[in-house]
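First the structure, in the form of structure tokens, and then the observations on it.
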Amino acid sequence: MDAATAIELRGLTRRYGYRTALDDLTLTVPAGATLVVFGPNGAGKSTLLRILATLLRPHAGTASILGEALPDRAWAVRGRIGLLTHDPLLYGDLSARENLRFHARLHGVPLGRVDELLAEVKLERRADEPVHTYSRGMLQRAAACRAVLHDPEILLLDEPRANLDPGAIALLEPLVGRESGRTRVVTSHDPAGGLAEADLVLGLREGKTAFLAPVAEVDAARVAELYAA
Amino acid sequence: MLTLAANFPDGSGYVLAAYLVFAALLLVYLGITAYRLLGLEKRLTKLTEEVDGLERQRAHDATASEHEEEVKLS
Amino acid sequence: MTAAGPRPPRTTPTRTAVAALLRKELLLERRVPQVLPAMALFSVVTFVVFRFALDTTSVEGRTASGVLWVTLLFAAMLGAGRLFVADHEEGGIDALLLAPVDRTALLIAKAITFVAFLALVEVVAVPVFVVLLLEPGLSIADVGRLALVLLLADIGIAVIGTLFGALAIQTRARDLILPLMALPLLVPVVIMAAKATAPVLAVTGSGAPGGRYLAVLCLYDLVFGLLAYAVFDFLLDD
Amino acid sequence: MYSAKLRTLALATVITLTGAFVLAAYYAPIEADQGFSQKIFYVHVPMAIVALGGFVWGGIQGLLYLRTRDPKHDMRSYVAIHMSVILGIGVLVTGGIWARSAWGVWFEWREATLVSFLIVFLLYCTYQPLRFSITDPEKQSRYAAVFAVTAGTFVPLNFIAVRLANPFIHPRVLNNTTGGALPTDMKIPFYLALIGMTLLFVTLSRVEMTHKLTRGRVRGLERRLERLQGESDPAGLPARSAAPQVMA
């Protein structure tokens, strides 16, 4: 394992009861690269992200993140990973600022960073209103601030642009897009958009690897095939 | 000795009841378990047969279709 | 703002994490008061119900002690069921697991919150109980003794309530299963607390609670405190 | 399926228990205080001791499961608690009968041991519902283990608390149940019954485990069949179960 490898999975398997959600997945993501994961609902994308986020333990195989083996050394990578899913992980009754300050304290991040980030995604004006009053776009912006609050080395993004207007997407790009310069694992249902930001592409179907290749070798038709079957 | 005789018929009913409760509990438990095990075993034999049959049929079908393809190719 | 090169793993001290969690907990309860008013109101209503169910206008001694503890225990069950709801539904537990924080920080913070909630409810409920149901005769010294018993019992209730609240939140029938599990576990607390409170609430008598009851309460708090500390991690470990 | 070992165990159980009960009936003296009805002691007390031991054993196995994540410990914990609950019913009923014959009431609240047992029994009655209300088998095992460990610790603590609550109110009629004060001719049938009851517990646990393993195999075959028949979505198949699921 050299320093340039961010994520290394060998035969990773995770079951839910009798159902195998993720079956024998092997891949390597170099530091700074973007892995885009395609697959229909239930293909194991979210399971993969949750394992990488140390929220689920693998049932077989090995997973190594930033050189630390999961789950035994999970504590060493917590705080170096940012997770952004459909669930914003924010308390609806608290404001964005209060939520972010809470997370900043948990991560040991200076509280000043909260205001910087809120300004960056243009949320300061409504930063003190309860999160449950936010629109989908605002919510996702606040959640993205939460995900990058502690300046993570690895970002795990579950369809980060789903149902967002172009304005909101543009605001998110510097935080969670390619230009953030972080190692990223992104799930997507959008072949064109997903391929545009990928270095590596993984196709999942029913937990099994349908294809895993550099982006140059994958075209939109191959991605569409995943969903057709 | 006199107390013994006086106590005997009085207490024996309770003692008998207590031991009968124990025996009944055991019998009910064993009965239920045996019944369920028997059902399971029956099901197991039936399932094994079914699975074996299906697998044999699959193998047969697979060779047949391969054969068909070969014919088409030639 | 990108990371330059690998960084050493960092961990937030448990004390900091507990403080952050406590602050969040109090903020949430202040912003949208849910648990506290419900628990307090439940206690008062239950006292009224007891007045009619026992068909008496005032109680003292053992009966008074029993009425008080049954009410407080059931109110606590109400609170324990709500303790993790916001975190479970809004991803607070996941958020905590993503942070470089010892997971027992959650147990400690929740247990402290629960003790605080119970104490606040008692600040309302006990005076109401004294006014509505208790036969007069409570001295200042008795109030102090009562507070001591309340505190020791609250710690035990909070530890069990937190551990089993966290356990029940993941089950489908959580509102049904929590009291079923927690009430038998809390019977020793009720026995000891009721025994210790009875002389305090008696119109006549020594007034001082038996020392051994308080000792067992302490033992209970200690044993289950340590036990919860040891097993809590496993509830969060998927 | 039924190993020779299980048969030997069953035989040993029958011989020991029958021997103990026969000795209890004919060899053991009639207790001066309670007369003949004291003979309930030889079935009630060993059953209670074994049931409580089973609860604690379930807690120990739960702890081992949490440490090793080996499903076999979960299975042992589950079976121990399951058997103890069944024995617990017997303990409460025979205890009631004894209380009735000795004191004329079906339940004696001032008898600390009986009350403690009732509380413990009620607590363990929630074990099955708890398992049943968690769908994911792995999580089910883990949560059940946490419950088993906590409840296992509760068992001795509860006895201390309840005993303290009733200091010397009731004459300690059952004082001799601790075994220490027993005369020798009572000791022999008592300890023999205790051994027999333990053997019974072990035998029934083995039967129960065989049952669960067979069910696991049936489930495994059912899934295989389902796959062979080309039904790719086995969502409805694994029936919700409170028992540990054996991956066959």
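All chains are identified by letter, namely A, B, C and D, in their written order; residue positions are counted from 1 within each chain.
In this text, a residue touches a chain if its C-beta (ideal position, glycine included) is under 8 Å from a C-beta of that chain, and two chains touch if they have at least 3 such contacts.
Here the structure is a predicted model, which is why all the values come from computation and not from measurement.
Once chain D is taken out of the picture, touching joins the leftover chains into the groups A, C | B.
Simply put, of C-D and A-C, more C-beta pairs touch at A-C. For the pair chain C and chain D, the distance between mean C-alpha positions equals 31 Å. Distance between chain centres (mean CA atoms), chain A to chain C: 38 Å. The distance from the centre of chain B to the centre of chain C, each centre being the mean of the chain's C-alpha atoms, comes to 46 Å. Looking at chain A, one finds that none of its residues touch two or more other chains. Residue positions of chain D touching 2 or more other chains, listed in rising order: 135.
Of all residues in chain B, none touches 2 or more other chains. Annotation, chain-chain contacts: A-C, A-D, B-D, C-D (touch as defined at the top). Chain contact summary for the complex, chain C toward chain A: residues 1-3, 5-7, 9-12, 16-17, 19-21, 23-24, 27-28, 31-32, 86, 90-92, 94-101, 237-238. Remark: chain B residues 3-4, 7-8, 10-12, 14-15, 17-19, 21-22, 25-26, 29-30, 33, 36-37, 40-41, 43-44, 47-48, 50-51, 54-55, 58 touch chain D in the complex. Partner chain B is touched in their complex by these residues of chain D: 1, 21, 30, 32, 34-40, 43-44, 47, 86-87, 89-90, 93-94, 97-98, 100-101, 200, 204, 207-208, 210-211, 214-215, 217-218, 221-222, 224-225, 228-229.
Those residues of chain C that touch chain D in the shared complex are 163, 167, 170-174, 176-177, 180-181, 184-185, 187-188, 191-192, 195, 212-213, 216, 219-220, 223-224, 227-228, 231, 234-235, 237-238. Residues 135-138, 219, 223, 232, 234, 237-238, 245, 247 of chain D are the ones that touch chain A when the two sit in their complex.
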